[in-house]
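The two complexes that follow have subunit A in common; it is paired with subunit B in the first and with subunit C in the second.
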Partner chain A sequence: MNITIDVQDINSRVEIQVKGEIDAYTAPKLRETLFPLSEQENISMVVDLSDVSYMDSTGLGVFVGLFKSVRSHNGEFRLVGLSERLRRLFDITGLAEIIDINSDAEGGLK
Partner chain B sequence: MNQSYDYIEVKIPAKTDFIGVIRLTLSGIASRLGFSYDEIEDLKIAASEACTNAVQHAYREDDKGEVKIGFGLYEDRLEVMVSDSGKSCNFDEVRQGLGRYENGQNVEFLREGGLGLYLIDTLMDDVKIHQNEGVTVFMTKFLEGEQVEMDAKTLST
Partner chain C sequence: MEIRENMEERYREALSTYLKDQTEQALYSGQKISRKTIEDKISPEEIISLHKSILMEICPDTTDKVFHSLDFLLEVMMGYGIAYRELQSLRHQQQELKSEIEIAANVQHTLLDTDIPDVDGLEIGAISVPAKQMNGDYYHFVQDENECMGIGIADVIGKGIPAALCMSMIKYAMDSLPEHRHAPSSVLENLNRVVEHNVDPSMFITMFYGLYNPHNHVFSYASAGHEPGFYYEAATGEFKDMDAKGLLLGVEKKTKYKQYEKSVEPGDMIILLSDGVTECRTDEGFIERETLIEYIQKNIHLKAQEIVNNIYKQLEKLQHFQLRDDFTLILIKRNV
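This part shows the complex of A and B:
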């Protein structure tokens, strides 16, 4: 019942691997770790969620915040490796139409 | 609709640390009742959202306090009650920030919170919110298989 965040920062491309559960307890750690990275200009941020076993609205809130921050610094933000469950969460909240969660085919992390 | 039911109650300190414990408890109870994997995941999200609200809104100032979670186990449904006995917050106000995101919304104005109640509403079959001393969220999920089974019984007679 915890979270691991692995960050690989290669030039202006940041790849992040999140493992575990994202809820009200772990979301602050996720936000604190990723937010400073999102403030670099022209960054390309890719977050791999294939090992996220649980997520709720607190996680969605973090990703909306990151997405906004990256965009306001002219960057690109993508989520990859979503399970059917996570995909459903983005679908029912309408976020699937706003945040890019479908680019696995064009070269996700794995 | 006065059916007998089993009742399980858990109290956690009003800290986010223990919301995961409620999910584990709920998983056990829901699988005992025969809910499917997807239904259990829906229940976990709905209950976590209610606990998160209870922990974050009711105890914003002092973190002493408890959140009480009650589970009513029926043959055909599970009722989950999440209640904080602390200060109440105005759920109508919270509700106004509710709802899914619409495509075309300006990125700058995307909300970063307020989805919790929307998810509870969407994932559960019935949701009631009571406000007296504190706030109590009362939500119900029916066993889908049960409904089918009952239909089958009716057909065979």
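This part shows the complex of A and C:
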């Protein structure tokens, strides 16, 4: 069970590439890495999940928390590269209605 | 002091015997001493110092180098002794925590206890098993004065103790809802406000709430981001997803929940679950919803409670008896 988080901070646009599994063990690392970023004013945060092989509801909690934090700092939050399974998770929980999971990053994040 | 003196006596005897002739048996007495020192909390450095003084006594002609080397060894073992004592005290603390959690789990069990009601024309089976000691899943039955039966099933995002504490709050929020407000959409809207207001922003709850009216056999329901259950139609023998859209509890204060209705025919079944059920991992991957349906079909001739018990046993076996997530399955069957 491992996770790598690659953060590219370009001005007020942050691109994050997550690889591996997001579960109760790795979620704290994800939260600790991304939360401070989400608290910058007017930030635009894009998280690429194309290399995430597994995510449970703990991961969902992290992303909802991030979304709320970014929104309260007048920023923009997007998730890209969701697998069919992840998409279903966001659909069922109703989160797809409030979090942008559909706009694919141009050509994906490198 | 007596312990130390006894040990000294024993050590002297064992060491002398071994130095005289190196038999297996003499060596074995050393093993016994080792166990006894652990029991009596004699530290490694104390054993070396004991060894040195006895050696000086019984073999005074040993070269000084050996004695010096023992002094050196004693110094080296000192850190090991400290680490070992720390470990002992941690073990003790862990034991204390464990028994505290056990008590908490019992308290939770009592708090969240719910009785499956006796409703004319319905057969109900329910099972809920925590992955660890405390359960982050919750289900609750209520019956109002019109004999309508309310059923709530919820799952806290997050596991373990924080999730369990959160669940207790939901239970009390539900208990304090006014009697006439048991329409599923308004139950969820009320609970959403409670959760949004009271719970840590990174903690969320998925919940399904349904109300069964035994007079006209209409089941109305609403979902707050909960894993959809299944509806079994006896007439066609088909299983359908009970799709219901709605946002998780605790994300947005003013969320509205859509209410759905279903007319339940004789032999039909309503199957509700927590996502632990379909998130189970096996060697080949996840349990698919189809697999779960197969299990239900295989057991369909049984009583509702037997069906859910059997499915739990099968899923448990698939995961080598190691649940990764709390597991809840409820089955409501309208008698033919």
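Just so it is clear, the second predicted complex is superposed on the first by the 105 of 110 C-alpha atoms of A that agree within 3 Å, B and C clash if a C-alpha of one lies under 4 Å from a C-alpha of the other, contacts with A are read in each partner's own complex, and residues count from 1 in each chain.
Definition applied: a residue touches a chain if its C-beta (ideal position, glycine included) is under 8 Å from a C-beta of that chain, and two chains touch if they have at least 3 such contacts.
Note that the coordinates shown come from a computational prediction; the quantities given were computed from them, not determined experimentally.
Visitor: Following superposition onto subunit A, is the placement of subunit B relative to subunit C best described as a clash or a fit?
Guide: clash
Visitor: Regarding the shared-chain residue A:Leu95, is it in contact with subunit B (first), subunit C (second), both, or neither?
Guide: A:Leu95 contacts both subunit B and subunit C.
Visitor: Classify the contacts of A:Thr58 with the two partner chains as first (subunit B alone), second (subunit C alone), both, or neither.
Guide: both
Visitor: Subunit B or subunit C: which reaches more residues on subunit A?
Guide: Here the partner covering more residues of subunit A is B.
Visitor: Please work out whether A:Lys68 is in contact with subunit B alone, subunit C alone, both, or neither, and reply first, second, both or neither.
Guide: It touches subunit B and subunit C both.
Visitor: Of the partners subunit B and subunit C, which touch A:Pro36 in the superposed model: first, second, both, neither?
Guide: A:Pro36 sits against neither subunit B nor subunit C.
Visitor: Mind working out whether A:Tyr25 is in touch with subunit B, subunit C, both or neither, as first, second, both or neither?
Guide: A:Tyr25 contacts subunit B only, not subunit C.
Visitor: Take the contacts of subunit A with subunit B and those with subunit C, and give the residues found in both.
Guide: Common to the two interfaces on subunit A: residues 24, 56-58, 60-62, 64-65, 68, 85, 92-95, 97-98.
Visitor: In their complex, what parts of subunit A are in touch with subunit C?
Guide: My answer: residues 24, 31, 56-58, 60-62, 64-65, 68-69, 85, 92-95, 97-98.
Visitor: Would you mind writing out the residues of subunit A in touch with subunit B in their complex?
Guide: Its residues touching subunit B are 1, 21, 23-25, 54, 56-58, 60-62, 64-65, 67-68, 71-72, 85, 89, 92-95, 97-98.
Visitor: Please name which positions on subunit B make contact with subunit A in the complex.
Guide: 16-17, 19-21, 23-24, 38, 41, 44-45, 48-49, 51-52, 55-56, 100-103, 105, 107-108, 110-113, 115-116, 118-119, 122
Visitor: What does subunit C use to touch subunit A in their complex?
Guide: Touch list, subunit C to subunit A: 155, 157-159, 201-204, 206, 224-228, 245-248, 251-252, 275, 279, 286, 325.
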